[in-house]
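Here the chain labels run A, B and C in written order, and each chain numbers its own residues starting at 1.
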Amino acid sequence: MATLAYREIGGKSGRYWALVIGSGALVAAGLGAALYMRAHGHHVTGMTNQIVWGMPHVFAVFLIVAASGALNVASIASVFGRSPYKPLARLSGLLAVALLIGGLWNLVLDLGRPGHLLDAVMFPQWRSIFAWNIYLYTGFLVVVGFYLWFLMERRLERHSKTIGLVAFLWRLVLTTGTGSIFGFLAARRAYDTALLAPLFIILSFAFGLAVFLLVLITASSALSRPLGERLLKRLKGLLVVFVAAALYFVAVYHLTNLYRAGYRGIESFVLVSGGVYTLLFWVIQVGVGGVVPLVLLLTAKTRLARRMVVASAGVVVGGLAQLYVLIIGGQAYPLRLFPGFVVHSSFYDGVIHPYVPHWPETVLAVSGVGVTTLIVLIGVRLLPFLPASLADEAIDVHGHKGRPAQAPKSVVPSP
Amino acid sequence: MRARALAIAISVVVVLLAVLWLTHRGPVPRPLIAQARGHCVLNTARMRRIHMMWLRQVRTRVVRDGMALRADRLTRCVSCHVQKNAQGHLIPIDAPGQFCSSCHVYAGVKIDCFACHAAVPEPAFAPGYFSRAHHIQAAFRQPQILPRRFKALLSRAAP
Amino acid sequence: MTDPDSFVPQDTKAQAESEDSCDVGRRRLLAMAGGVAVLALAPGVTVWARTMRAKGLVDAHPVRYGLLIDANHCQSGCDACVRACNQYNGLSGQTGPDNAQWIRKVTIQDPKTGFTRTFPVMCQHCAKPACVAVCPTGASFRRADGIVLVDKHRCIGCRYCLMACPYQARSFVAHKVDDQKPWAPRGKGTAEGCTLCVERIDRGKLPACVAACARRGHKAMLFGNLHDPQSAIAKRLAQYASTTIRADLGMEPGVHYRGI
């Protein structure tokens, strides 16, 4: 039985409070933006009848996809029995919950009439993947909540494998549901493929791990808690595999569309002529989010922790760009009502729809990240989510060391 | 530590009470309901008691089941109960002091009917507007959605 | 009925009764087949069939309203149908990207041949509408007579129906509205689209666009019950070739087109 020491953080440093106040301000600003949108109607945003979903949805989908992926580290430990990841399981669960709540924050506050949300529970429509997602998301929070409880309560820890398995399966279904929000839309050429569900699962692996690494490494360095090189190397290996797999799925998605004659329009739009979407695709999504992290992780020789922070940040930025291209680019490309014809109308049929994010929706979008940060900051201070030490000796692979290297009585965060 | 927490809690409660006391404006005036034109579909006492259920039932029947009876429309409420100002212009029925809001402010119940519904009747909106609606209803054959108690109520209150 | 805007609702009662007898026939058949299992299933099946029919999921209803739009008769430069719709339903008529448009005139041109046509496009009132399938609250629904509507009492404004509709027939109300028509409620934060002037149909009148087109003498739009073989629209559809937009998607629109 591992007796690894976990410890709440002191949370008294100026940096901690700056982060709390910063993310709190972000949350307040997001709430204000949402109320402003409610009061004036969505015409104050850049979203239109053609670009139906905008920035809040890009961030929401990123956060929700990353949420299910952030749980992976815990799943690897509990379900697949890789003990070196065990000390990371609690943080993994906390991040999953925080990211999901951040994503839901965006989605709910962007609704035209959030006050009527209960109607979705009163009149469930099982043909709607959205209705399913309401239960998948809330159920995920419950399951991960129980999972965290089982991980933190010593008497229940024996059963954490079972609940871990439930959580793992749940998150697979959840990401399938999120991907299917788009994958089930036969009307739009960019979405109309079953590939989106598995693509989103692979993306969740990469996004979730990247966010997890960002939090883990910055927290360890800020708290001066040791972080073993061997553990980092394992995580690096995982990130490399996930980023490469994501790139592979993106390649298959685009090659399939290129091969099908009817889909070449949307492909040439995204890959060649789409302006900002083309730029985002090649430079940010593929470059910053895929190639650069891989090269950095596999070849560069600087300190591993620093490389991993940069690579993870790249994956996060690339992921946001990827969802921007998919969600907004997919709407910017016009619907084809009359294939083969040039179409004109007062409702912008047949033209590329412009989208300029305005401040209310952008502030709301970013505030989802603020919600996530705030939950994590409060969580790690109230409950022992973070291990006192992640030095390689403390979390030996074969884990029979009994006690970790004597942890200091109180952990003093670096000023 | 505990003493400090207690002090904070007490001061928060005090501040909240102070805010309540300062913003308190005395009792809400009793609603003043102007006389409506014509007959209501239910008698006044019953309508006061059950209009929310009645509207809810009826809106399902009209919107979703397509059974549009003449009396079933919220527009009928509006056209009888709407008031005119001194210049002879119609005042929105949800405006402060008007038929809907005077009671609803008093009871502290928010309604959002008039976020979507017109709060003044159209001038051309003559009585008998929906008289031919019954042609269509035979086509729907929806199961009766009104409970028996409710149907009795309706039949008793025929205008 | 001397009103030119009127249509004569056919006797649906007789058909409803014939459907009843069909129901009885099925029950007798089941009884003859006997077997406890079958008998136990029968009420469930009947209830299920009724529910499905009531929800408009099985298209066995005697009434299905639809349109036939003849692009050969639709005049370029004429937007009487659009203006009639805007006026009747209280739309602003503005055509900015965040203004609602329930009906629009679309002009298509074949770039190879120069063949040009113009005609109105609105909600296609599909038999298997994507907007209804994706709606999380059931606010998007299909009435038993085939008219696809938004029940704004339930709409949460998620705009998933705008995403799903292949015809771009739904709009989102992005502005505050306070000049609604009593017969066409519409409000900020909800989705909306062509209602086929459901309130006029319930009064036995033609949709505003169809009436306006007829008043102009163009007669490019025909409204009627697609499921009544005696109706003018069913006869016309049986006689001439027609098509629906994006028939490949299999949503079975109730709006048919000629000449495109």
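We take it that a contact is a pair of C-beta atoms (placed from the backbone, for glycine too) under 8 Å apart; a residue touches a chain by one contact, two chains touch by 3 or more.
Note that this is a predicted model, so its numbers are computed, not measured.
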Review point. Which pair wins on C-beta contacts, B-C or A-C?
Key: A-C
Practice item. Look at all chain centres (mean of CA atoms) and spot the one farthest from the centre of chain A. Key: B
Practice item. Using mean C-alpha positions as chain centres, tell me how far chain A is from chain B in Å, no decimals. Key: 44
Check your understanding: Using mean CA coordinates as chain centres, what's the chain B-chain C distance in Å?
Key -> 30
Check your understanding: So, what's the distance in Å between the C-alpha centres of chain C and chain A?
Key -> 40
**Study point:** Residue list for chain C, restricted to those that touch at least two other chains
**Key:** 153, 188-190
Practice item. Give every residue of chain C touching chain B within the complex, in rising order. Key: 9, 12-13, 16, 50, 54, 61-63, 141, 143-145, 147, 149, 151-153, 177-183, 185-190, 198-199, 201-204
Point to revise | In the complex, chain A residues that touch chain C | key: 38, 40-43, 47-53, 111-114, 116-117, 119-120, 122-123, 125, 127-131, 134, 181, 184-188, 331, 335-338, 340-349, 353
Practice item. Give every residue of chain C touching chain A within the complex, in rising order. Key: 82, 95, 97-101, 104-111, 121, 130, 132-139, 153-160, 162-168, 170-176, 188-191, 245-246, 249, 260
Review point. Can you name the residues of chain B that touch chain C in the complex?
Key: 59, 63-66, 68, 73, 75, 78-79, 92, 115-119, 121-122, 125, 129-130, 132-133, 135-136, 138-143
